[in-house]
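Each of the next two complexes has subunit A plus one other chain: subunit B in the first, subunit C in the second.
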Partner chain A sequence: MRRYAGLLTLILAVALAAPPARAQEKPRYGGELIFAVPSQPPSYDAHQEETFGVIHPVAPHYNTLLRVEPFDRTGTKPVGDLAESWTIAKDGLTYTFKIRRGVKFHDGSDMTSRDIKASYDKIIFPPPGLKSSRRTTYQAVEAVEAPDPYTVRFRLKWPESSFLLNLASPWNFIYKADILAKDMRWYERNVMGTGPFTFVEYVKGSHWVGKKNPNYWDKGKPYLDGYRALFISSSSAQVAAVRGERAHIQFRGFTPADRDSLKQALGDKITVQESPWDCVLMVAMNHTRKPFDDKRVRRALTLALDRYEASKNLSRIAIVRDVAGIQVPGTPWATPPAELEKLAGYSRDIGKSRAEAKRLLREAGVPDGFAFTFKNRGIPQPYEPIGIWLIDQWRQIGLNVKQEIVEASAYHPMLKRGDFEVAMDFACGFIVEPDLDLGRFVTSSDANYGKHQDKVIDELYQKQARAVDAEERRKYLRALEKRLLDEEVHVMYTLQWNRIIPHSSKVKGWTITPAHYLNNMLDTVWLSE
Partner chain B sequence: MWKYLLKRFLLMFPTLLGVAVLIFFLMRVVPGDVVEIRMSGDRGAVSEEILQQERVRFGLDRPVWEQFLTWLWGAVRLDFGTSMWTGAPIGEEIKLRFALSMQVAIMATLVAVLLAIPLGVISALKQDTWVDYVVRVFSIAGLATPSFWLGIVFILLLLIVFKWLPPMVYTPFWVDPWQNFLQLIWPALAVGYRYSAVATRMTRSAMLEVLREDYIRTARAKGLIEKLVLSRHALKNAMLPVLAVVALEFAFLLGGLVVTEQVFNLNGLGLLFVQAVAQRDYTLIQALVLIVSGFFIVVNFAVDILYAWLDPRIRFR
Partner chain C sequence: MAIERATERLGELDGAPARPWVDAARDFVRRRPLGAVGAAVVLLMLVVALLANLLTPYNPVAVDFAAMLAPPSASHWLGTDAFGRDVLARLIYGSRTALFVGFGAAFFGATVGAVLGVGSAYFGGRVDLYVQRVMDVFLSFPLIILALAIVAILGNNLPNLITAITIPMIPRCALVIRASALSIREMPYIDAARAAGFGHGRIILRHMLPNVMAPYLILLTAFLGQAILLEASLSFLGLGVQEPTAAWGLMLRGAAVEFAEAAPWMAIFPGLAISLAVFAFNLFGDSLRDALDPRLRTQ
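Up next, the complex of A and B:
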């Protein structure tokens, strides 16, 4: 019980603490923020969609129960959005939220706990036939209750350390209960929230426009008069848009070359923000195919990689940079560099690692010049440079690798069928949180493309998920990491993506985070001229 | 002539049916699945249960022949269904893009025709002089220059020299003609130049051939002034092959400007086509192919009518 009390104190302290004081200019009111969006929203219902093409243009119309602190560069601190405060029961099984009063939907009606319950019921317990993309991340939830108009309670089946942060998910827009009661699919084609901007128009394939909500509950915000999202699929056209000052920013990310060309062309008119990105390319090795069923072979493949040298060189041409373990560097659960170097393939002595790799291959009966096919995704960044780098590294331990590029649309079916020996795998997260990032390595996961079966991983995953003591959780995470990347080498991580946002220096009040799904409400953003 | 036109008109329907059958089954053979692609998003994994749920929603769990007949019956009634990617009616997806692509096609055709016919005629009349050589170099350069490359050059020049970029959002002509012109003139010029090169060379060679015909010599012999010889007898007859080239290029432009649309960020049919294929949005692809091929067929039919008007041999057949 004492450990829960400790956690409770920590969470309350985070929740109630005022945002850190920031030495910054006084926000200026007015102006229209124009930003490029490389993808388009399939529908407008974030509960069921998976692409940032929904979040970027649509998020400013909505609030969520909690949100990630907009100025926190780690993107891991939950703060209240529609929730004013909360408490967690000592057993970690009940979360009670006090809801802000005076929040109105854009149609003028009051927002109450009933709307939050209806939205979360749609996310966690969707009716048959209705898709909810992140439903499985709320398996611990037994019920969502609204005991009075300004209280929401979540009852859990078991304590879950990631639960609070998962409630800050940028996908969990709060919808109006009355609308959902009439038509659960209404939000697929319509917009009506409580957010800082109201909906003006969406011209398919062209642009999305929002204007300032004059009745926004957070008095004094938003600063902008409105925003305009331009859908631009070509990366060169996105760069041209920023360079030609047709757009202030693109929130997903640019390549190092784009950053350099923009900086060179516009000088001080461009501000660059960079962050480790919660996206990573991994190598999946098919455990049902020989010789990749042998962990010595898999270990040899990871030992061959000189990640530190690659970090220096590839970061100049590709959207990758840091050498990392199972969590984004700089975030609470990241592997300390000293510990990372102890894992197979992370040693700074590449000569020794490759000698060990060659020995393991010999021991496993893999002849020198052994050939296999590496299947890569037909997308330039960062798949192509990483693919070429991997092939070069494996050649240095005597392996002969043929790369096969799989067209982007046929790529997932190929992975799911297990139609590969070794293939590029990828993952992008919306919040850096072990539960969300590591679920894919559990034996029964749909993303276990290598088809490994490992009860130890399954147990460690569950233990870390339910550990409420931070140190205890860290211990399980390190054990899981060692098992996954070193002892069994079920997968191998390449380099952490690097998010690069060169934007007009006029844009203020926006802070980069490791996820391109976060910080898109635009309530804190303003234009200096 | 009526019999000829009726025959051409009736031929349109089996052609469209052939296109419909081909595109429907071709899309089913191509690997990839709209549901899986859409649901995978950036996360990269989605449960089989959710995938199956969506397949049922789109009717993809039904036998292929049943899906085909349902779709064909809708297409016959001009109801192409809804996009499997966005859930929006196909008409809504295509409407604005069609208007934009049509306008670019018309503007590029105007640019091409305004350049090609005078240049082709002058080049033929001044055969093997420096004027002819200049026109030939100009047109060969046009053939050798991809329009998207020229588009990139335009954009870079505008950005570097004038620190200006054309508008990136389409404004319909009737809303703001000047903004509309500022956005579309650049792609129209980039596409129109290559298009004009094809038409210039065709005009030149057709004029050269016609100018050597007996009836031109007869027209000159009976004392007709050169201007009338050229306009009434030579140009009109030389226009037959030029017309075919211009018409086919025009039809192609409707859905074929994929890269140029990307370069100028034009929200046109070409880009929509590529997105639909990448997303395996079956219903949208099928509708787009039918519309573009229908447009091709109608343009061809219009050319047949013009041929009949221009060439008495067809008219009196």
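Up next, the complex of A and C:
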């Protein structure tokens, strides 16, 4: 019996610590959710935009074919939204979706598979001159078909394990086919969806308002009467808005200092949700410049980093926390900690790592005190603290690093030109999926800023993307990770971002996920008072 | 040697100052105590900047997570910042940055401005007209806005930062120096120099510039304070000196703002350093103006 006492205690502890089941909380109807949005929508067409400034205010007007399960903290489980069910052919080349009946656009017209086909044709096969930001992630798609009003079929050129999750992309709003047929750009300045909220008004630089769609197909939802998105770019003003209870929430994230000050000021009136964030700062090393063309030098740079110490301490001042490999910790394809520690720069014995780093630098002919410039993006969080930390870590292996801050708008062109020796690289995903997160490391990728050429990486990427069996895919992913971060050190990962959402405790029915692009439809959200 | 000593002795006996600089300094302290305080602070800054590595055991750029956000204590007199870096060490090393940028920008700004002002006054006519209109254009921009624009165009490294602070100072100096130079131009010895066939360069450099040294020195000290303030402002805005270099304005941004309530020492001490330095340079500059301006001197 004593043997099981520990286990029993553990089970009880987990049961007590677990949040109360959703079923126990009866949603309350009414109220207006007010949230701050730090960015503004350049246009309203999510198919072509890349900022959360579109998703946060505009997503509640639309549905997507699939969505990620709104209460899944990993944000990796696709569930039907406009799709009621689906089947996948045995060869993995055909996906057939049954579409919900009775779904209406806000103008009262019926939504059918024709609208879904038109929307996906716009995303995957846009007409010349029309921008589609995520078109390349659907390269496997040969055709989108609508054999009947309530069936949509995707035919693929090759099987792709990420395809289903990719269809749950929050960017893929379903638009009305008739409107698209007349004007493919109509949705840049207008709203007409099937979502839980209808459009009321948008005042540029001020606010965006939506009100409850009384004819929403998901009966009983939404719970809110409406929502109001306030465009507030200053982070201190966002915090002040939540602190002054003028806004319930800001869906992107706050800093640890903001979290602490809000919690201190408002106590139980604030609920804090945290999650590893599908954003990471990496270090790109220019393979066309000496001495960074030498993998011993690149390896020395990663070996110098004490990631575990930084994780413990930088998380107090910056929006970073976990030590991670190529996938967000806690998600299906994440690297187990024991395996991670085997990679260069991930050992817990920092003294040994740094001694090895110094030896490699000597071997590569890099003198003590060697100076280079590290280019960083002119954004405070978390670029600034990570930059200071990196320079200090490299100082400890005898490198003399000068930081050059490049203004945010000029940063991306600078990376693309390859005008750097070592520079901060960054990536933020909308869904945690290796295909979406790792495509940047393929030799031909536009985001291969370090200009490495590695056929092994290219092959491993393709193999993992097409592997149908999960174990097989995992094996390829681990091999790719070892090649990328250890054997060749084409790039180095710093720390995984940490998403911190301190929100009014009145806000219920919203669950944090690793991406700030997910869970913004607001159909499950309600206000307790 | 004996003759020299005898002459010195004779001078003393005659009541003439044997050590004119010491006596002038003594006179300055007696007549203008506030200016002397300013000068003392400036001198202290210079000493601190020169002896920075002897004055603190801490490396101003070394991260020490174990000491993050530590309040002032016996080991860290002014506390530590968000990276565990000693605030006092960063203040001491920051004085180097402030003085280097301050002296650099003030010297170049005042010197180029003086040459342009004297040249403009000397040549007069169309040259004066065009130079002054260009100066007017620069003067129409507030100091910080012009510096911001320049650093945004050139990029934000140390030489560019000095250039960005220098350029807005040039027209301000040129305007004042021109006013002084206009009266000098009318002096008989300038006419005599022309009549003797001296070239323009020689007249400007040998006969006019030395005569505008008083306003030049006054402007130089006044600009020093402004340049330190401007450097701190640009660094605070992220357009000046870059981390991890120790600089006062830089110490006021980022975590100092975020942790203003929890760790106020991160903002208070650099703020005090900037205020004190600017105040000291202004006091010194004002007193220097009073001492060197003949009109004020007679009053």
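In the analysis below, the second predicted complex is superposed on the first by the 505 of 529 C-alpha atoms of A that agree within 3 Å, B and C clash if a C-alpha of one lies under 4 Å from a C-alpha of the other, contacts with A are read in each partner's own complex, and residues count from 1 in each chain.
Definition applied: contacts are C-beta pairs under 8 Å (C-beta built on N, C-alpha and C of every residue); 3 or more make two chains touch, one makes a residue touch a chain.
Since we're looking at a predicted model, the values are computed, not measured.
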{"item": "When subunit B and subunit C are modelled together on subunit A, clash or fit", "value": "fit"}
{"item": "Winner by number of subunit A residues touched, once subunit B and subunit C are compared", "value": "B"}
{"item": "Touching partner for A:L230 - first (subunit B), second (subunit C), both, neither", "value": "first"}
{"item": "Touched partner set for A:A304, first subunit B, second subunit C, both or neither", "value": "neither"}
{"item": "Partner chain(s) touched by A:G378 [first = subunit B, second = subunit C, both, neither]", "value": "second"}
{"item": "Partner chain in contact with A:E407 - subunit B first, subunit C second, else both or neither", "value": "both"}
{"item": "Which of subunit B and subunit C A:R395 touches, first, second, both or neither", "value": "second"}
{"item": "Touched partner set for A:K312, first subunit B, second subunit C, both or neither", "value": "second"}
{"item": "First, second, both or neither for A:G387, with subunit B first and subunit C second", "value": "second"}
{"item": "Smallest separation of CA atoms, subunit C relative to subunit B, angstrom", "value": "6"}
{"item": "Shared subunit A surface residues [contacts with subunit B and with subunit C]", "value": "236, 407"}
{"item": "Complex interface listing, subunit A residues touching subunit C", "value": "236, 255, 257-258, 260-261, 309-310, 312-313, 316-317, 378, 380, 384-385, 387-389, 391-392, 395, 402-405, 407"}
{"item": "Touch list for subunit B against partner subunit A, complex", "value": "31-33, 36-48, 50, 53-54, 56-57, 85-88, 92-93, 96-97, 152, 155, 158-159, 163-165, 167-170, 262-265, 267, 271-272, 275, 278-280"}
{"item": "Interfacial residue positions of subunit C with respect to subunit A in the complex", "value": "61-63, 65, 68-69, 82-83, 152, 155-157, 238, 242-244, 253-255, 257-259, 261-262"}
{"item": "In the complex with subunit B, residue positions of subunit A that touch it", "value": "40-43, 49-52, 129, 131, 133, 136, 188-189, 203-207, 228, 230-234, 236-237, 240-241, 243-247, 265, 279, 407-410, 412-414, 416, 425-429, 440, 445-447"}
